[in-house]
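Okay, structure first, notes after.
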Amino acid sequence: MFDVIIQDASLRFGNHCVFEKLNLTLKGGKWTCLLGGSGVGKTSLLRLIADLPAGETDGKILCQDGFPVSNRIAWMAQQDLLLPWFTVLENITLGQRLRRSWADILKRRPILPPEVQDKAMSILEKVGLTEKAHVLPQTLSGGQRQRAALARTLMENRPLVLMDEPFGALDAITRLNLQDLACELLKNRTVLLITHDPLEALRLGHDVYHLRGQPAQLTDAITPPGEIPRSLEDNNLMALQGKLLDRLRHESLLEPLAGEQ
Amino acid sequence: MKDSIKPFVVLLGLLVLWHTLVIAFDMPGYILPGPVDVAKSMAENASLLWEHTLVTLSEMLLGLLLGVLLGIVLALVLVYFAALRPWLLPPLLITQAIPVFALAPILMLWFGYGLTSKVVMTILVIFFPVVTCCYDGLRHTHQGWLDMAQTMGGNRFAILRNIRWPAALPALASGLRVAVVVAPIGAVVGEWVGSSAGLGYLMLQANARLWVDQMFAALTVLAFCSVSLYYTTDRLLRRFIPWQPETSQE
Amino acid sequence: SGNKQTSNNKQEKELKELTLMLEWFVNPDHGPIIIAQENGYFEDQGLKVDIQEPADPNLPPKLVASEKVDLAVYYQPSLIHGVANGLPLAWAGTLVATPLDGLLVLDDGPIKSLKDMKGKTIGLNIGGIENAILDTLFEPYGFGAKDVKLVNVGWNLSSSLMSGRVDAIMGAYRNFELNQLAIEGRKGRMFYYEENNIPPYDELIFIANSKKNDKDAIRRFLRAIELGTQYIVNNPEKSWKIFRDYSPKKLDNELNRRAWFDTISRFDLRPAAKDAGRYQAFADYLQENGELKAKVNSKDYMLDF
Amino acid sequence: MKDSIKPFVVLLGLLVLWHTLVIAFDMPGYILPGPVDVAKSMAENASLLWEHTLVTLSEMLLGLLLGVLLGIVLALVLVYFAALRPWLLPPLLITQAIPVFALAPILMLWFGYGLTSKVVMTILVIFFPVVTCCYDGLRHTHQGWLDMAQTMGGNRFAILRNIRWPAALPALASGLRVAVVVAPIGAVVGEWVGSSAGLGYLMLQANARLWVDQMFAALTVLAFCSVSLYYTTDRLLRRFIPWQPETSQE
Amino acid sequence: MFDVIIQDASLRFGNHCVFEKLNLTLKGGKWTCLLGGSGVGKTSLLRLIADLPAGETDGKILCQDGFPVSNRIAWMAQQDLLLPWFTVLENITLGQRLRRSWADILKRRPILPPEVQDKAMSILEKVGLTEKAHVLPQTLSGGQRQRAALARTLMENRPLVLMDEPFGALDAITRLNLQDLACELLKNRTVLLITHDPLEALRLGHDVYHLRGQPAQLTDAITPPGEIPRSLEDNNLMALQGKLLDRLRHESLLEPLAGEQ
C-alpha cells in the first residue's frame, strides 16, 4: 500500500485563510484519524485531497507509487448525498453505474452483475438495511441514510478512503458495530477519517491528528498501540484519551469557542 | 365530488359560462356564436372535422416529439459545451423572436407545403420552453452529487444519465407542460401559412367565409386536443418523477 | 397546336402540367378557373392544372418569382409593387377586369358622402396603395389620407364594420362584403373607386415569372379560361351548380351563391387581351401619388403572346 | 476572449452566417434579402423604425409586466386554493390552445384597436409559461422548511414571502426567460390583427408592398429587442437568485 | 410550567408499525432525553408531538394547562433546514419574520426590532458564529450549520422545545459549551432532546428514556440526581452510564443490529 503525501497544502476563501502550508502523510494501509474544532477546516482538507472544487487552493497531493490519486479515492461526504430517484440498493451501487463503459452498454451487460448485487446486499445486511434495499432514501431515518452512504463508500473498493464523520448520526451500539465493519472491509486500505469523537479516533486510528488554530495547523500524531479496532476497555486507550482531551481543551483555552476564528 | 366526474362538470361550467357570455354581452353570432350553434355545426361537420383533426394531430404529435427531442439535445449541448453557449444562444433566441409568418415563405421554399413545414413550425414554437427549462434544470445540479460522481470516476454520459438528467427532470417537466399546450398553435399557424388540410386550414376557410360556427367548432376540437394532451402529459410526468411529490399547502 | 382535336388524339399522359396558385381560398372570383377545370377545358388544351390555395395573399408572387409555381392569381397594384421591387414578375392574363374593392360604410351609418369621412376610422387589410386611393377619394373635399385614422384589421373586415369599431372598411369586395352584410341583415354603401377619380385597374390577374415562362402553355391556359368565362356568362345557373359541386362542403352556401351572380359581369371576357396603356396609366398614378419609389414601364412586365 | 466583446462577435458571426446562407442557397432578395440590403433599408428608414419600435416596445413591456404579474397571481391561486385547481386549469389551458387570431375579433370588440388589445394579446402569449413554471416551483417547496415554518406559527403570507417564494424563484426564472423571449411575438401578432402602428404594422405594410428589405429591417429590430430583453432579464435573474449558482460542467 | 402528556401515540407507515400505544410525559420545565437505535422512531415521535405530517398517526398530545401545543413549540430538526437565500442572521430570526403580522407590515415596523437583533447577535456570539452572521449558509461547515440551526431554535423562546440530535456534528469541546449554553437559555423550558450520546443524555436529562424494539417501546426513565448541566466528573453519572450502556447493549443482544427491524 502506498503512502499519500500532502505537501504544502493551502486553502483560502477570499480573505479567510483556512490553512497554509499544511503537510500530512497518510500512511499506506493505515487509518489516520483527524479531530478538530467545528469549522477549522477538516472537510476542506478532505476535499482538497480528493481534488474537489473549493476556494483558492495550493499544494501537492502525491502518492508514494507515483501515480495520481484520482480514481483511487472513495469519498464519503459530511452530507449523505443519496440520490432521491434511486432506491437504497441503486444508490449504494452508484459507482458501478457511473463507471459503466460504452462497451458494457453496447454489449448489454447487466447494470449490476450478480456478484456486485450479492456484494451490495451483503453490505446492506451488515449495515442493517436489508429491508430498506428497495425503498427510496426519502423514507429513511437520519441514521439509516448515513448507513446507506457508508455502504456506498464501502462498495467502492478503492485503495484510499476519505470519510467525513461517517458515524456521526448513529447510536452508540450501531456505531461500534459499523466501526468494526469498516475496519474489516477497509483492511489494508489507506483511510482518512474525520470524527468528533476522541474515543472513536483512538479506537480506529493508527495515527490521530488534531487540526487547530487559524490558519489551521496539525499537531503531532498520537499513535495508539495495537491493532484496530481497539477495545475500549484498554487502559492505554484511556490514558491516551486523557492526553487527547488535554489537547482539545488546550485549544478551547486559547479561543473562547473551539475552532472559531 | 369524485375526481373522475370533475372534468365533465368543469366542461359543463365552461359551456354555461360561454352561453351566458354570449347572452350577457349580446354577442352577435359573427363575433362569438353560442355553444348551441357550435354544437350543431360540430354535429353537421363531424366527419369533416374528424378528418382534419387527424391531420393536425399527426402534425402536432410529430412536431412535439421532434421538438422535445431537439430541445433536450440543445439543452445538453448548452450545458456540456459551455464554450459554445455564447454563440448558440443568440441564434436560438432569434428563432423565437421572429414571428413565424415572416419565416413562412422561407420555410415553404425549403420544406414545401406538406407535413414537413407544419412539423417544422410546431418544432419552432415548442422547442424553446423545453430548452430553457431543461437547460436551467441541467445546469443547477446539486454540486455535492457531481463531486461524488467525480471521485467515483464516472464517465460523462453515465453522470448525465444517472445524476444530471433525473435532477433536471422536474424542471424539464415544466417545459414539457408548456410545450404540450402550445404545440397545437404551432401546427395551426403552420397550416395558416400554407396547407390543404388540418384544423387550421378549416378555420381559415371558415373564417374567410364568415362561417363563424364552423370556425368555433374547429376551435373547440383544437382546445379539446390541447387539454387532453396536457392532462395525459401531466399524469405521465407525475408517474415518471415520483421522488418529487407535491408538498403541503399550508 | 393547341386545338381540341390534337389534344383529344394525344393521351392524358402527355398533358403539360401547370401549377396555379390562387391568391386566397377558392371563391366565386375564381369561377372561370374552376369551370375550366370541371368542364375539362384545360385538358382540351393539353394542360393539367394543379390548383393551390395559400392563406397569405403575398406568398404567391414570391413563389412565382422563385419558380416554385408556374402561374398565380394576384392583384394588379401589387404586381406593380412587386415589379418596382425587382421581383421577376409579369402580367400573364386578366381574370377580373374591374376593381372589386371600394370604401364600404354602413348604409344606416352617419357617413352619407365621402366628405363625412374626415376624422373617421377606416379598417383595412393592408393592400399597399391605401394612401394614394384615399388622397384621391378625399381630394375634392379638401382633405386626404392623413385626416383619417387607418387601422389594420386583418381578415376581420366586415365584423369590425358591423361591430362599430371602425366607420368604414377598405379592401372589402363589392361582390362579397356587401352580400355578407346583407346576410347578417345589414345594408352597406360602397363608394366605388373608379367612380371617384381613381384610374381603373384589374382586380385579379394572372402572373408568371418574367424570366422563365412557357408562353405556349400560358396561351393555352388563357384560352381555357376564356372558354370558362364564356360558359359562365352564357349559363349562369348551370355554371353556379358546377362551381358549387367542385367542393360542396366548402362552397355551397348563400354567400357564395349571391357572390357568384354578382361576379359574372366582372370577369374579363378576353383574358389574354393586353392593354399596356391602361397599366401604364395606373402605375403612373401610383407613382405620382407617392406609392411607388421608382417608375415602372408597363412594357417590362407584361407578357406578349 | 473578453466577455464584453463576445456578443458583438456573435452578432458579426450571425451576419456572416446570414450572408453565406443567402449566397449558398442563392436566395433571391424577395425571399430573404442579404444583411447589406437590410442594413441599407434600416439606415434609410431609421426614424420610421424608431417610431414604430417605441410603440411595439411599450406594448411589449406593459404586456410583460402585466402578464408576469397575472401569471404569478394565478400560480399562487393554484397553489393556495387547491380546491379551485380542477376548475381553473382547463379554462387556463384553453386560452393557450386557442390561437389568438380566432380570439382577435372578440378582443378587438372588447378592447378596441388601441394599446389595450395588444397588451392583452401579449399577456395571453406570455402568462402561461410563467404560470406553469411558477406553479411547479411553488408546489415543490422542500417539506422540511414548511414543517419548520408551521411549528414557528408563521402566517401564510409570511411563509410565502420568506420560504415558498424564494424557493420557487429558480423555476420562475425559467418561465420568465421564456416569457421575455416570446413577448415580442405577442405584441406583433396583436398588431397584425388590428393596429395602426408598431413594428408588426410596419411589417404588414412592407409585406403588402413587397418591400422585403424593410420587412426584414423591422424583423431585425424585433429580434434585437428580444435578445437584449433576454440578456437583461438573465442578468437580473442571476443577481436576484445568487444562492443558486451554476454547478460545474464535469 | 406545564407537563406535556403523550397518550397512546401510534404511528405506521403502510405495513410498518413504528410504535403503538406509546405513553410519555414530558415534565414541565424539565429536560427529557431520548436515546434509541438508529431508525427506531425517535424523529417520528418528535414530529408527532410537533403535529407534523407523517404516516398514519393516532393518539393525543395534551398539555397540563389544557391549551393545545401548537404555537408553543420550538422544533430543531435532524437536518439543519437553513434557508439558502437568507444569511445566517436572517435564518436565525426566521421565526420573527414568519410571525410578522399584517399590522406590523402596514405600520412599517422594522422586520427586526433592535432588541431582537441584539438578542440574535448575542446568541450568535455564544454559538461562535459572529463572524458568519452575514454570509449565506452554503459557506458554512457542517458544524457551523448545526450551530446556526441551534441558534435559530434558541431564538424561538418557546415553552416546549423539541431538539433532534442538536449537537451531533460538533466537536467535544464545542458540544460541551453549547450544552451549557442551551441549559442556560432553556432554563425552565420543557425540553425533549434526542441524542445518541449516553453521556450527553445523562449530563442534560432530568429523565432519560430509551426507545427500543419493534414496535418501539419506552424503557423506564433513568433519573440522574442534581442540577443540569451535570459535571462529567460526577461519580453518580458514571454509575448511571454503566446502567444505560447495559440497556443499550441489551437491545443489541436482542437484535443483530440495533434498532433495525
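Going in written order, the chains are labelled A, B, C, D and E, and every chain counts its residues from 1.
In the analysis below, a contact is a pair of C-beta atoms (placed from the backbone, for glycine too) under 8 Å apart; a residue touches a chain by one contact, two chains touch by 3 or more.
Note that the structure is a prediction, hence the values are computed from the model and not measured.
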In terms of touching chains, how many steps apart are chain C and chain D, taking the shortest path? 1
In contact with chain D as well as chain E, sorted by label, we have none
Count the C-beta pairs in contact for every pair of chains, then give the pair with the highest total. B-D
Chain C and chain E have mean C-alpha positions lying a whole-number Å distance apart equal to 85
How many angstrom lie between the CA centroids of chain B and chain E, rounded to a whole number? 49
Starting from the mean Cα coordinates of chain B and chain C, work out the distance between those two points in Å. 37
Quick check on chain D: which residues sit in contact with 2+ other chains? 31, 101, 105, 109, 143, 150, 159, 192, 244, 248
Any chance you could list the residues of chain A touching two or more other chains? 53, 79
Contacts with two or more other chains occur in chain C at residues 62, 66, 159, 163
Applying that definition of touch, give me each pair of chains that meets it. A-B, A-E, B-C, B-D, C-D, D-E
List of chain C residues in touch with chain D within their complex: 58, 61-62, 65-66, 78, 81-82, 85-87, 121, 123, 126-128, 149-154, 156, 159-160, 163, 165-166, 291
Note: in the complex, chain E contacts chain D through residues 47, 50-53, 70-71, 73-75, 77, 79, 81, 83-86, 94-95, 97-102, 136, 138, 156
Going by the contact rule at the top, pick out the chain E residues touching chain A in the complex. 13, 35-39, 43-44, 78-79, 127-129, 131, 139-144, 146-147, 164-165, 168-175, 177, 196-198, 245, 248-249, 251-252, 256-261
Which chain D residues qualify as touching chain C in the complex? 28-31, 101, 104-105, 108-109, 112-113, 191-196, 201, 204-205, 207-212
For chain B, which residues are in contact with chain D within the complex? 3, 6-7, 10-11, 13-14, 27, 31-32, 79-80, 82, 86-87, 90-91, 93-94, 96-99, 101-102, 105-106, 109, 128-129, 132-133, 136-137, 139-143, 146, 150, 156, 159, 170-171, 173-175, 177-178, 181-182, 184-185, 188-189, 192, 200, 203, 207, 215-216, 219, 222-223, 225-227, 230, 244, 246-250
